[in-house]
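Okay, so chain A shows up in both of these, paired with chain B first and chain C after.
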Partner chain A sequence: MTVEEKVKKTDEIKGEADSKYEEEPRIGVFVCHCGHNIADTVDVAKVAEYAKNLPNVVKAEHYMFMCSKPGVQMVKDSIEELGVNRTVVASCSKNQHGRTFANAISEMGLNKHRHQQVNIREYNSWVHKKEKAKATYKATRLVEAGVNRARKLEDVETRRVATTKAALVIGAGIAGLRSAHDLAELGIPVYLIEKLSTIGGHMTQLNKTFPTLECPQCSISPLTNGVANHPLVELYTNAQVKSVEGSMGNFEVEVEIKPRYVKDNCTSCGECAAHCPVEVSSEWDSGMAVRKAIYKAYPQAIPATYIRDKKNCIECNTCINVCPVQAIDFSMQKETKTFKVGSIVVAVGYDEYNPTEIEPYHYGQEGYEDVITQLKLERMLAPGSLTNSQLLRPSDAKIPKSVVIIQCVGSRNDQVGNVYCTGVCCKFAVKNARIVKEMYPDSDVTICYIDIRTPGLNFEELYKSAQEVGVRFIRGRPSEIIRDPVSGNLEVIVEDTLSMTPLQLKADMVVLSAAMVPPEGIGPLGSKLHVLRSKEGFLKEFHIKMNPTLSSKGGIFLAGAIQGPKDISESVAQAGNAAALAAAPLVKGYIEREMLVPSVDFDLCVRCGLCKTVCAPAAIEINDDGTPMVNEIACKSCGMCMPACPTGAIQLINFSDEQLLDEIIAISGGGVICEDEL
Partner chain B sequence: MSETKEEHREYKTDEDFDRAFFKDIERKTNIWQCIQCGTCTASCESGRWTALKTRSIIRKVCLGDLTVLKDPDIWLCTTCYNCYERCPRDVRPTDVIMELRNYATKLGNISPNHRAVVGYLQKFGHAVPINDEVRKRRVELGLEELPPTAFKFKQEGDDKDLKKFEEHLFDLPPVEDKEEKKEKKEEK
Partner chain C sequence: MSCENIEPEVLEKMENIVVFMCNECGQGSANTAGVARMAYNPAIRIVRVQCTGQIGPIQIMDALSNGADAVACVGCCLGACHFFNGNVLSMHRIKLLKKVFKELGYSDQFVNQYTSRAAEGETAVGDFEDIVIRLATAIREEGTIKDGC
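Then we have the complex of A and B:
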């Protein structure tokens, strides 16, 4: 757009603005009793009478329930009979019934945005029950303000925007896989990207899943295989989001894919790993096993292609020489791909809390090797582990005679900043305690807990079954784990609060039920996606009850533990919901958007760019010439750009300075009558 | 008592508990599934007026805390079965308390009042023996002076089987003499 064109556009806007008010406003005012809610405090008849005398008001009525069918009909009739072209309903909040009346006038052919809702219930009668005269006065002020605002309301158009029929799923754990699968089944091409070299996430690391003690590998493999082989799913492992542009319906995502150094013709024969001389601790096994510098995380890993760990590789080239299909190529480079998608599902899961922070438990310290976390216990008991699925003390490889499980490590703890209850730890602790007790009936298994929280079907039963096999439950949070400096034995100090007995329990092994925390790197990812995070660090949902799957940004959905701690069933349920919501605009092919967006007066704009810095949903871009450009789809109509603008060049439709000023004048008493007269 | 409590301020260790001791009770009741909700204590008619806290007694048994056998509170239960009826996990607290009393009695920890009642039973064949007042009223009402029980058939009580039954039933620690008690107190 050239400067001339911009000035021309500005003139057009101004011209439109002038012509908008040419049509004489005819305003209908309706005051609601809301049963006793308003009428007991506010003299509604007086308010309606007052409204009658305001300029441009052609009808002012009061009625018992405006939201009832006859009430809504009154509004409709006024449009037909008296030619009312703007309506003001003084009743409850805009959230409660604003839409009811907006829809009603739109049925009569008026633009929805010509309705002005005035809240005289929550803002007035409910809070001023004892000051009836003052409440009535306040109601008149609010109604007059509403009338002033209604006088200058403009029509807002609704625009259709075509969507890109493709979706991006970030994270290939159980939630991401479920979402990707469901989206693909709806006929939507899916790009599935995963940070690690294999898909399946935390679920594949587990030994058994509660409450049925099923084998997680068996449960998840149909899904991992199904997604990996789905014709509509493009899977990228070792990949991370680099940048995200665009908004709901049309995103452009740049993804960086790190090299595996092993080509896809790898037959997964394992010769390379067998000959590799470097052994390092395996991350996938939570350090409970070793792997080579060229490796496959676990036997069933998908993709089955091996991967070279460049950091630890000594470049001896042995693997290159032994590979029978010449699949290994050290010269592979990272590549960047750009995907155009309509919706994004974020399913990046969680990390296990690192308990080193809790000093009295000495996790990870020398001499305290037998203090482990639940994930390590899972890896130890899982099939094919280093201990051959036996429970052995890391310090001396002996079967522990007493195992103490400590709950709420990193959960329900203000000191470490996690106020929340993870809600899953009780379930897996009870499950693991039972498994250990059944494996070693002669060993003592104790769970130290603050509260046992096992809600839902089958979970109290699981708790009971652990009690039945003889797991000891001590209600109390251990204060510390102490170590005898001579024998090296560990002891847990805890009070049995139920009998008020301080205890010192022998513990050959201590298992910490560590919390679920937001995954590493969620901060940068969150800012790339322009979505808000909760104070705990998880990605924030749109509404905790009514829409826990949508993020703070339209078109970006949350699945699984990234929205908050969840177990597998909950993650799967939310992932399915995320897929359905993400698919809806893509299947329909377009989204409808009310153009309640700011417009820019290019004559006034000083090209400072402040509006861009305050725009939370990143809907404002700066053109090459320094002027702002509003993305009408991404805009959330929050109005933050308006006060930021030093010259008032950016104005949100129906929230312009002029309109708000009229409203303020009425509220602050610029009207006809004063308090004394009432 | 208070002095010994002071001495025991230290942490208790696994050696202070005998989890195997109450295996018998575990088998007869469902004590393993207790969740310490406190319905028993809240339902307890006796506990409303006395020190009996059923939940804490159950907790001690779960832990294997043998001090519960010396606890005088287990004798305060009236066996009204309120807790038994209301327990959400079917722990059968009343049965637990009765079993505890059996153990305690074997260890010589029977409560003096209960022991006295057994004494009456042994002596008179009645838990509540007949007294002069009752005898008088019986005559007034036109009944025999003595009811047709061990009072009346004293001689027939020499039966061998009854003797044997007596021996087993009354194989209890002797009743503490009131004078002995006094002496003990004075010694202290």
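Then we have the complex of A and C:
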């Protein structure tokens, strides 16, 4: 929209507003007794009598139950008989019966927003039972304020905005897959994009899932296959979001897809990898296995197409020569695709905390190869691992006689800045301790914990079962892992805080239960999506209790560990909810929005852009000429932009400075004609 | 210090206390307090706004110049704002405004910011009591804002 058009549009809006003011406000005031609830404390007749004398009030009545059928009929009749065009009902809270009267006047052809609810029950009669005179005076103030507000109420139009029937799911871990599958089952075309070359995320890396010790590959494969083969799901691996434009219902997302260098006709025969001379450590296996420079992350990987690691490839062209279907093509380029979608589900999961910054644990240092993280342990124990599912010390490939598991590494730790409890470490530590103890009954397995937190169905049982097989629990956070320079043996220094005993535990192997932290690259992704992050770095939910699935921006939903540490069951549950919420406006085909949005007076605007800086849902965009443009769909009607504006150019409809002023005058005791009447 | 200890002559001077309450937790807690019949000072008047982040110096000064003895904003708990961070924004604004009041030679107790929880009426009533107590202190020390302190 050009500036001229915009100015014209504002002029039109202003013109409409002016014409609205021209129409003489005719206000009907109705004071409710609410049986004895109000009338016992407040002299309702006096309040109604007082309201009668206020400017523009054409009718002021009091009635036993305004919300009853005759009460509502009274409101309706006044509109018909006296031409009342704004109603004020002084009764209970807006939440309780505000809608009743708003609907009633809308049945009579008036805009819903022309009703002003004044609460003289919860805010007055119920809390000032003993002070009747003061309560009556307060009621008159509140009613006068309501009348003042009603006088300038403007119509708020409800607009239907068509939505794009497609959804984007970012991240193809368990949460992303669940969301994509659920969305597709609702008949919505889904674009599923994944940063890595395979889908399934962290779940596929696990050895067993708690509390039932199930094989995660077996649990997830119906979902991975189902999503990959779903006719409505378009899967893009090696893909990342480049930019996001638009708002709720209509987004335009640019996605960059990196090349695999292997075409889709790959039969996954593995000849290329068998002949590739380069061997590097496998990221997917957390370094517990090696892979070639042309590889498939794991045998069951979906998509099954191989991928060439360009960084490590020496370009010997062996793979090209051995490929029986000529699928390998080094000339493939990255491509950019644009998707138009109505909803976005963000399910980018988590990263395992990197404990190198905790100096006393010496993780990743030379001589401390036997200090590993839980994810590495999972990879070591998983079927088909380099150690053949045996637990072997990385330093000398011997079975460890003593394993010490350290809890709360990177979580519940002020020093590294993560105060939160990851919540799943206790569960997987107990699970892995039990598995190790059952595999090697002669080995000592010790868990050093601060508190064992295994809440929920079946988890206390899991904890008990670990105790029963002989896992030792020591309450205390280890201060250091030390290494004997001669023998190379590790020792964990910890104080058993229950018996107040300092201990020096011999450890052939130390497993760190590292925290779940926000994934790498969430900062840039968050800013591309215009969603806000919590101070821990996870994406912030709209409301922790009432809507933990919606992000700070409408139309963008969170699924899984990106909203905060979660286990698989919780991630799946939230992902299903995200899919349902994301699907709702797309299935309906439109979103209905009350245009309770701010408008900008371009004559007053000084183009400072402050309104944009305070706008949490990022609904204000700055045009090339510096003027703000309000995205009416993204706006959440909070009005935060109003005080930020130095000139008062941006005003929220029905909550403008001018409209609030009238209410404030009456409520602070100023008032027009009210001097000392009571 | 509690409300009961405030002298009647000080209480008498509190006629109009304007409280801007947000549409979410603020309103909710006042409603809960009402349902639980928790009594508070009848000078407290509630103005419903979308979010405390909507309230700026204009509204607060308007209220004070039109006869309010004190103004307060009550928003959601920190971290629970339904519009993300309006309560924090408001807190910053009130903090700045308090400085302005001091500069002008007024007590900084005439404007305050609070939070409340919709599920707990006590939080709103506690906020109201605190407003009254702070205002009483200010009145005792410097007189009301109408006296020009």
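Here is the rule we use: the second predicted complex is superposed on the first by the 478 of 678 C-alpha atoms of A that agree within 3 Å, B and C clash if a C-alpha of one lies under 4 Å from a C-alpha of the other, contacts with A are read in each partner's own complex, and residues count from 1 in each chain.
Here is the rule we go by: contacts are C-beta pairs under 8 Å (C-beta built on N, C-alpha and C of every residue); 3 or more make two chains touch, one makes a residue touch a chain.
The structure displayed is predicted, hence computed values, not measured ones.
Colleague: Thinking of the overlay built on chain A, is A:K134 touched by chain B (first), by chain C (second), by both, or by neither?
Modeller: second
Colleague: State whether A:S668 touches chain B only (first), chain C only (second), both chains, or neither.
Modeller: A:S668 sits against chain C, while chain B stays out of touch.
Colleague: Now for A:M595: first (chain B), second (chain C), both, or neither, which partner does it touch?
Modeller: So A:M595 meets neither chain B nor chain C here.
Colleague: Can you tell me whether chain B or chain C touches more residues on chain A?
Modeller: The larger set of chain A residues in touch belongs to C.
Colleague: Could you tell me if A:A616 is touching chain B, chain C, both of them or neither one (first, second, both, neither)?
Modeller: second
Colleague: Using the touch definition from the top, say if A:M439 reaches chain B (first), chain C (second), both or neither.
Modeller: So A:M439 meets neither chain B nor chain C here.
Colleague: Quick check on the superposed pair: does A:L652 touch chain B, chain C, both, or neither? Answer first, second, both or neither.
Modeller: Once the two structures are laid over each other on A, A:L652 reaches chain C alone.
Colleague: Just which bits of chain A does chain B share with chain C as contact spots?
Modeller: No residue of chain A touches both chain B and chain C.
Colleague: Can you list the residues on chain A that touch chain B in the complex?
Modeller: By the definition above, chain A touches chain B via 402, 444, 452, 464, 467-468, 470, 472, 475, 493, 496, 498-499, 501-506.
Colleague: If you look only at chain C, which of its residues touch chain A in the complex?
Modeller: 15-16, 18, 27-28, 30-31, 33-35, 37-40, 42-43, 45-51, 53-59, 62-64, 66-68, 79-80, 82-86, 89, 93
Colleague: In the complex of these two chains, what residues of chain A are touching chain C?
Modeller: For chain A paired with chain C, touching residues are 93-95, 119, 121-124, 126-131, 134-135, 137-138, 141-142, 145, 532, 540, 542-544, 552, 614, 616-617, 636-640, 642-644, 648, 652, 655, 657, 660-661, 663-665, 667-670.
Colleague: Can you name the residues of chain B that touch chain A in the complex?
Modeller: Result: residues 11-14, 19, 32-33, 35-36, 55-56, 59-60, 63, 65, 89 of chain B touch chain A.
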